[in-house]
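There are structures below to look over.
Next come two complexes built around chain A: one with chain B, the other with chain C.
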Partner chain A sequence: MMSVYIDFIRMRFLTMLAYRVNYYSGIAIYAINIGSAYFIWKAVYGDNAVLGGMTSGQMSTYIAISWMARAFYFNNLDQEISREIRDGSVAIQMIRPYQYLASKMMQGLGEGLFRLLLFSIPGMIIVALIFPIRLPLDPLTWVAFIVMIIFSFFINSQINILTGLSAFFLENNEGLMRMKRVAIDLLSGLVIPMSFFPLWAEQILSFLPFQAITYLPGSVFTGNIVGMAIIQAIGVQIFWFIALLLPLYVVWGRARKRLFVQGG
Partner chain B sequence: MFYISLFSEYLKNYMKTRMTYRSDFWIEVLSDLAFNFMNLFFILVVYMHTDALDGWVRAEVIFIYGYFMVPYSVFLCFFNLWDFGNRYIIKGEMDRVLTRPAHNLFQVMLENMNPQALFGAIAGFAVMAYAWTDLDLALSWFDPLMFLLLVAGSVMIYFGIYVSLTSLSLFSDSPTGILPLIWNIQNYGRYPVSIYNGIIRVVLTWVLPFAFVGFYPAAFFLRRETFMTMALLTPVVGLVLMLMSIWIWNIGVRRYRGAGS
Partner chain C sequence: MNAIEVSGLRKEFMVQKNKLGLKGAFQDLFRREYTRLIAVKDIDFTIPQGEICGYIGENGTGKSTTIKMLTGILVPTAGEIVVNGYVPYKDREIFVRGIGVVFGQRSQLWWDIGVIESFQLLRKVYRVPEADFKRRLDDLTEMLQIGDILNRPVRKLSLGQRMRCELAASLLHNPSILFLDEPTIGLDIIVKTEIREFLKQMNRTYNTTILLTTHDLQDIEALCSRVIMLDDGQIIYDGGLEDLKLRWGKGKEVWLQFGESTSIERLQLLTEGLGVIWSMDNEFSARVRIPRGEEIISQVLGSVVGQIDIRDVKITETNTDEIVREIYRTGSATVQAVPVT
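The block that comes next holds the complex of A and B.
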């Protein structure tokens, strides 16, 4: 049974490999975004050594690693799922002998692994040459970071799948998907690290799953979260991973009952 | 006259199709604005930790952002050709356009018109008005006229850059991925250029002149003494780029042979 899902990962990986040219411009786009964030934050720091609990060096590292981690965890599962709901092909997939949502998750993982190998790693090397970035020296930090971005991937994908499934209930969920994308970039700490938010916002965000996507792994990488706090951060991620299974289960159950294929 | 009536027909058509799904329309307007809201929120948060970005205070940077929203929204209203290569070249719709009497670029732009983007211009104008009062700037009689002239210049710059790049699809039907690349660069233009290093500043001013779609023209209202010349160059740069892009487009159309089948 497992081998079916591994094949989903493999197939998506190979498909991505066939269209890899698109991804070279992707690296450039991420470098451009890291660059603009880098210069703005540099101007924000000015003469200040530490802001929001981060040194300017940690900030540069945080920006770079957050974008490169995004390349791994980002996917368009929401768009894929709502397209398959709208064109009706989800009905065919539901009668096949595998879990539809699990297969989507695995396809997303194949895409993520592809980006990790051909995008994040070379991108990080390029970015490290251009900007003053300090990579962690402790191998344990690396291990923790790798574990954490895997959870980033799962949590982000769970939110994506939930957004995609909204197509069962709304005829057009285009706007919702766009808002979700902005919300994730803002609330996960990609654009602004959580410790920079006003206190009230930071407190609200600490009760939401988004911080587990970017802020927690990024802070471990820059050394803002160390020691036992790393275990705690991973605990937060595990909590959200499990907590988000419940709405997925409920929504999927209700969606299957509601399914009507438009046209087809 | 022919073009104006064509424009109003397309506009009516657009309103009819969009108003069929009214709630979708408003959700899309909101989600368009969400991106701008995020950027403004970013500026607010950043200024909680510092008083000035390289000497520019909060209201000034907000003003620049507000300006940036106006020409960009006007441009988005008329230019929605992000999928041109795929839809018109690979799927062959360009052949149909070429048989029509109106100029092909005009026709293609009207077919994809997106007037809902204009809500962004209204929002941008409100943001500018807020920053204007916050800064307590004086309003001269020529400010509204200059504003219109500068916005026209900035729109022409967007037009010039994106039409030139879109016409690359007429020369080769393989996807280049260059449009999203440029789209991300344009975001550099909404901050004071002095925060960037020398190379980026030169690129933003003379190569991909996105400093002219936000910072320089906005600086005309904020710090006229220093940025007068650069601001007044906006319509000039815009006109040059726009004419150049139409020229490139026309060459592309002449070379266009269809993508088979």
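The block that comes next holds the complex of A and C.
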């Protein structure tokens, strides 16, 4: 059965290849984002060596790696799912002997792997040549980081799927999807690292799943989280991964019921 | 063995009732009212293995709802369904492995990549062994003539090419039942004919049961030995196509042109006792309506031929289109008078 799901990764990979222009424009957008963030933070730092517990060098690395990780974990599963719910094709997929959400998750992974291989890795090499970025030397940090962005992918996709499924219950979930997108970019630490938020906000955010998407893996990569704290950070990710399974299970159960009884 | 058994099948939907005006909209915020819509009203039918059955009816009479229940997409409100030995909505995962479905208005292929990729995915989804898959694909490719478009992305195919690929996709796992929801919609006459031929061939070779909905009665005439007609959620006819024509058709009409002037009285006299109705176009041509029975035609012609010089003959039959249009128009109310098998 697993081979089916692996095939979904392959199918999405091929689909992505069919749209190369999208891919090139993505490179430009990410280059602009990383570049502008770099110069803004450079201005913010000024003569300060350390701000919010990060050196300016760590900050540059953090920005670069956060955007590159985003290329991997980011996907449009929410929009895909809600479109399929609205046009009714989700019902049609019920005649196939596989799990709809699992197939979507795998397609998201295919998209992520495509961008990781053809975008993030070459992009990171180029960025490392232009900006003063320090890559971690300890191979264990790399291993931890790779494990962590896989969890970033899962947590982000779980949130995406939940947002997408809301189309079953809301007449228009456009606003919710937009809100989610901004929330993830802002509250995950992509735009501003957690440690720059006021203490009260930082504390609130540490109880939300978003920081597990960008901030935790980014901090491990830059060396702001070291030693046993890395294990703890992965623990937080595992916690959110499991915790989000429950609403997913409940919402999908209700959605299916609605689908099978009311026809969507 | 029966491929499909349905009894007392019923589907109700709860439809939100919107109150009128601003006040109504406010009331809706707090208390929603729902009305019950019965899409399918306690229908029964049985389709034996290997039959091609047409499922027809006007838009919104519950055809698609029935198909969705039969394929396990919708749970019925009441009644029994057994398809292929399974209850579709209960044993969905295993059940769907034995059926093929094509929705004419919705593609099930991956839009942006080569057709063959979708087929490969389906091979894995349905766990078709490599050798079986290859043989099957070769057969289907040859029958549907899709060999040279297999590598093209679906979005670059014409509707006819796409529909042929959809059919192939639905049959790769050799299902014993094929559900087709408007398979020929929007296709040109040549593609339609080819698809009909293909379906007949599949039915002959593999004894595949086919249930199709359509608005094109030519599909029915070309393919179906049996028709189920639905109106307002109820079955108003279930039986052979010939029977339908016999029951609702107005028989045959023979048009005659004569070499000499004649009168209606003379014609009536010649065919007395045969129960046919004459009408004159002019003194050189006449029409005779023959309500029932093929053998009457020859008797009518026989009794006229020796007596009057005939120059031309044309026999016309009320076609299915007209019959069905007539039934749709009158609806189920007048149908009460006609016994339904």
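Criterion: the second predicted complex is superposed on the first by the 259 of 264 C-alpha atoms of A that agree within 3 Å, B and C clash if a C-alpha of one lies under 4 Å from a C-alpha of the other, contacts with A are read in each partner's own complex, and residues count from 1 in each chain.
Assume a residue touches a chain if its C-beta (ideal position, glycine included) is under 8 Å from a C-beta of that chain, and two chains touch if they have at least 3 such contacts.
Everything quoted here is computed from the prediction, not taken from an experiment.
In the superposed model, A:Val191 makes contact with chain B only, not with chain C. Chain A is touched at more residues by one of its partners, and among chain B and chain C that partner is B. Of the two partner chains placed by the overlay, neither chain B nor chain C lies in contact with A:Gly227.
In the overlay built on the shared chain, the residue A:Ser36 is in contact with chain B alone; chain C does not reach it. Judged by the touch definition given at the top, the superposed model places A:Arg96 against chain C, while chain B stays out of reach.
By the touch criterion defined above, A:Asn48 lies against chain B but remains apart from chain C after alignment on the C-alpha atoms of chain A.
In the superposition on chain A, A:Val4 makes contact with chain C only, not with chain B. Of the two partner chains placed by the overlay, neither chain B nor chain C lies in contact with A:Pro139. Those residues of chain A that touch chain B in the shared complex are 21-22, 24-26, 28-29, 32-33, 35-36, 39-40, 42-46, 48, 51-52, 171-172, 174-176, 178-179, 182-183, 185-186, 191-192, 196-198. On the chain C side of its complex with chain A, the touching residues are 13-14, 65, 68, 71-75, 89, 92-94, 96-97, 99, 101, 103, 106, 108, 110, 112-113, 117, 120-121, 124-126, 153. Across the interface of their complex, chain C is touched by residues 3-4, 7-8, 11, 14-15, 18-19, 88-89, 91-92, 94-98, 259-263 of chain A.
Interface of chain B with chain A (complex): residues 21, 24, 27-28, 30-32, 34-35, 37-38, 41-42, 45-46, 48-50, 52-54, 175-178, 180-181, 184-185, 187-188, 191, 195-197, 200.
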